[in-house]
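Reading through the structure tokens given below for one structure.
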Amino acid sequence: MNKEELKIRLESLLVSPTFEDAAEWLTVIIDPEVWEGFARQLRSTEGFDLDYLFCVTAVDWRTHFTVVYHLTSTVHRHMLVVKARLDRERPEIRTVSDIWRTAEFHEREAYDLMGIVFTGHPDLRRLFMTDEWKGWPLRKDYEDPVNMIKL
Amino acid sequence: MLSIENITHSIDAWLNGTFNPTVAVLLESLIVGFCVIGLFALLGLILVLMERKVSAYMQIRLGPNRVGPGGTLQTVADTLKLAMKEGLTPDGADKFLFNLAPFLVIVVAMMILAPVAFAKGTQIWDINIGVLYISAVSSLSVIGILMAGWASNNKYSLLGAMRSGAQIVSYELSAGLSIISIVVLTGSLRISDIIASQEDGWWIFKGHIPAVISFIIFIIAVTAETNRAPFDLAEAESELTAGFHTEYSGMKFALFFLAEYVNIFIVCAIAATLFLGGWMPLHIGHWAGFNRVMDYVPSSLWFTGKTFFLIFLIMWFRWTFPRLRIDQLLNLEWKYLLPMSMVNLLLITLIAIKGWHF
Amino acid sequence: MIQEVGTTEQGDLVVNLGPQHPSTHGVLHLVVTLNGETIKKVEPHLGYIHRSIEKMCESLSYRQFIYVTSRMDYLSSHINNHGCALCVEKGMQIEVPPRAKAIRVLMGELTRLASHQLWWGAMAMDIGALTPFFHAFREREAINDIMEETCGARLTMNYMVPGGVMADLHPNFQKRVKEFINFFRGKLHEYDELVTGNIIFKSRMEGIGYLSPEDAVSYGCTGPTARGSGVSCDIRKLYPYEVYGELQFEEVTATGGDCFARYMVRMQEMRQSISIIEQLIDNIPEGQFQAKTKAVLKLPKGEFYSRVETARGEFGVYIISEGGTTPYRIKFRSPGFSNLSALDHMARGHKIGDLVAIMGTLDLVIPDIDR
Amino acid sequence: MFLKKYISDVFGAVRSLLKGMRLTGYYFTHRKEIITQQYPDNREEMKLPERFRGEVVMLHDEHNEHACTGCTACELACPNGTIKIITKFDITPEGKKKKALDTFIYHLELCTMCNLCIEACPTDAIKMAQNFEHSVYDRSELTKKLNKPGSKIREGVE
């Protein structure tokens, strides 16, 4: 499926989806509440078969967070980027680690560095930082007492 | 002709002539003790250097070449370093067993040395059950390894020791069966008898193919028994860091290290004795002329030559092959080596009964 | 994080494999739950070499951040840099001269060869054969010398700049690469004699660490790890960048899904890389090696994602730009990170020795995982 | 049938092992294949390629003149803060004030040899040297002053 077909199919799947047009791949912005059901549909619906989640990125926009899921299909080779806007104070989104196993590590990474809470995650712990680490290093307001770059 | 036999006899005669027999025996034991310790040190130095050089050349390297001419003093320097290192004992270790283990291993190695014939008439103790004695005592070293692994209070050591136990217990069988096949052919357990029976040719040539097979099985089994690669599961550095001697340092580690090399020497010496005639020169049947030419080469040279050839073979294995996994190791023994050596023993018995050997 | 656990409630032995361990090739820490010798669970603990490169890059300009990525997967540093440069070029819409494209691909394939050679030696060492390591380094040394001559460094070359490469090829380059290819072709069969055909090696590899194609995709495995399971995922073939689209080469896949399949995929990839280099080495177009770019690069506001195929799998660079001289957020999708997540799945039920073999075939580079 | 397979398995295994041993045996007997470099002994004949990046140096000609204008392009290009340039103001013969280099401080201990400063330099005043033996006993010795004492900018370099 190309970008346009994918867009039309998605419109049948979601209620009034928002698309970002500038990007290279079709980007759909969703509400975090619908993410779990939507993800399952993307994974298993005939024609989508987005079975390969290759990147999970959390972005701190100072006012809110965005979690970006890059999805592709090993069957049809089409791409889909899903973005979910999260609240700055309570960044929570449903985990997809039961749908794409790779998400388990990627979500732990996002939790560790950005502080995004993935509800339902089987093992949401610090991944890179020590368990007693305070703060979320990749957030824009994080102040590192020892910053080699800004020395 | 100056030979080791003459030297030992003259020393024996002089001691017995000067002192009363009891003192003479005591003094002789002392001399033998010093000789064994000296031999240990010498073997350690030579074999470690040999291993390093062999591995280096196989790995397209030069190997140690800085200390002494051509790196010959490298092991001396290493020994000095190890001697000066602190011998750590881990906190949770069973201190008595932990310190006892390396000594046990080295004492066992020393004990097996007793019936080995180094040259014509040069043997510490020509016991009439020599071969049985060797296979009995050599299995004691696993106790030292198990002790070291258990007492270290380290999981890697424990795993290594358990592997070593399973390994030695099973490979003892095929090593023993290979030894028995030669015992069947000679009809004696005494080392000097076994050597004497090879006066008209070594058993590996006289015993047809079954003797060759049991020689190969023996080499494989002793490689496993001495924990050498590809059977070095007890120390398997990529899996268990250093296995049973992970926690040892300084001289205690050096003893393990030394025992490993002395064990290689001993098992190769035994293989040389059983299959390649020990100190017996290469004799072919009744070719008197040929045999006399061969006799000009001293018997001690024959013995060391054969032993070091086998040691080189075992080193060659180590630097070529990957390591087996523990279940494959046991598979190899129980599914391949043991049935083979049993069938082989039957064949050898048939040969011995029918007198088909040369 | 590190628990002082000797045994679990079920009486299983818990062993800390690493962070200092001969076979984890760096500072990977695996907490292994064992039942005797059999693995019940493997839990990776990461972060011993975490430098937060993503955060660092947020304060580096688009020229500067490329060199940092060499420090991630240091064995295919050139390809990492390539991904970054591609992403910047995508954002700036810089047209790279054809000569630079060819040089980049050539260097990338040489890097892949060097990386696979090191992997081969290190993996043989993991399963107990020490000699192959030195043999592999002899060939790798020849590549490093070529790199040193043209790029100026042996490991972290930083040869890539947005818009091309930093310097033109050294006059000796073509001659030396041809010499190397001849030399290496002669040595490649020794690899097979020494390791591939060896019965001990085969029995250590076959049937170990099975990863089904579905699992490979679900765990996000890429590179030879996924291709060993029969998943076609070579970015060079699927989404060709630079001159890969014009080259004749095969995407190597195997169907076994076990350690031996992954091993064979990498061995075949070496041959494919040689073939790519041979196709290119005499056909490097003349012209500039670098496009004219501004001294200060400013990416337009937007999001840019580029994917390249490193020696370990798919490396992704995701730049979010706010229009400034530094990235607003940068995300590196490193292949080792996803491949590692499948380790637990693959290792369960096997022995400790197999765990080491599986890690060897995953070809983990720890800075790549930790970033 | 089973026995036949068993025996052929054994022979195949032994053959594969012998193949490997032949290879290592070949290398054992062929000393000319050895690739060891005796490093500190071969310093004289060891030649590094001219592009090898060892450390940043500033070129001075025979009149103790360099080409650095003190423009700080390299300082800005450096990702690690390796270079620190202290400038001063010279008075030109025409009586105008002109910015010039006072001290070029180079922290070798921070440098990753990425070559970005050399690329950025508009006057080719600095270049990479091939020296790689940087070990010293005190870290402060790695902080270097690149412009030689008493040196000044070459005529005509802007």
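Letters A, B, C and D mark the chains in the order given here, with residues in each chain numbered from 1 onward.
Definition applied: a residue touches a chain if its C-beta (ideal position, glycine included) is under 8 Å from a C-beta of that chain, and two chains touch if they have at least 3 such contacts.
Keep in mind that what you see is a predicted model, and the values were worked out from it rather than measured.
If you take chain B and chain C together, the chains in touch with both are D. Most remote chain with respect to chain C, judged by CA-atom centres, is B.
More inter-chain C-beta contacts link the pair C-D than the other of C-D and B-D. Per-chain Cα centroids separate chain C from chain D by 24 Å. Taking each chain's centre as the mean of its C-alpha atoms, chain B lies 51 Å from chain D. In whole angstrom, the spacing between the mean C-alpha positions of chain A and chain B is 63. We define each chain's centre as the mean of its Cα atoms; on that basis chain A and chain D are separated by 41 Å. Those residues of chain C in touch with two or more other chains are numbered 60, 131, 138, 194-195, 198, 200. In chain D, the positions touching at least two other chains are 17, 20, 23-24, 35.
The multi-chain contact residues of chain A, meaning those touching 2 or more other chains, are 149. Residue ranges on chain B touching chain D, taken from their complex, read 54, 57-62, 65, 316-317, 319-321, 336. Chain D contributes residues 12-13, 16-17, 19-20, 22-24, 35, 48-49, 51-53, 77-79, 112-116, 119-120, 128 to its touches with chain C in the complex. Residue ranges of chain D in contact with chain B, taken from their complex: 10, 17, 20-21, 23-25, 27-28, 31, 33-36, 38. Chain contact summary for the complex, chain A toward chain C: residues 22-25, 51-55, 57, 59-60, 68, 70, 74, 77, 100-102, 104-106, 109, 113, 126-131, 137-138, 149-150.
Of all residues in chain C, those touching chain D in their complex are 60-61, 63-65, 67-68, 131, 138, 141, 148-153, 156, 158, 161, 166-167, 170, 190, 193-195, 197-200, 202, 295.
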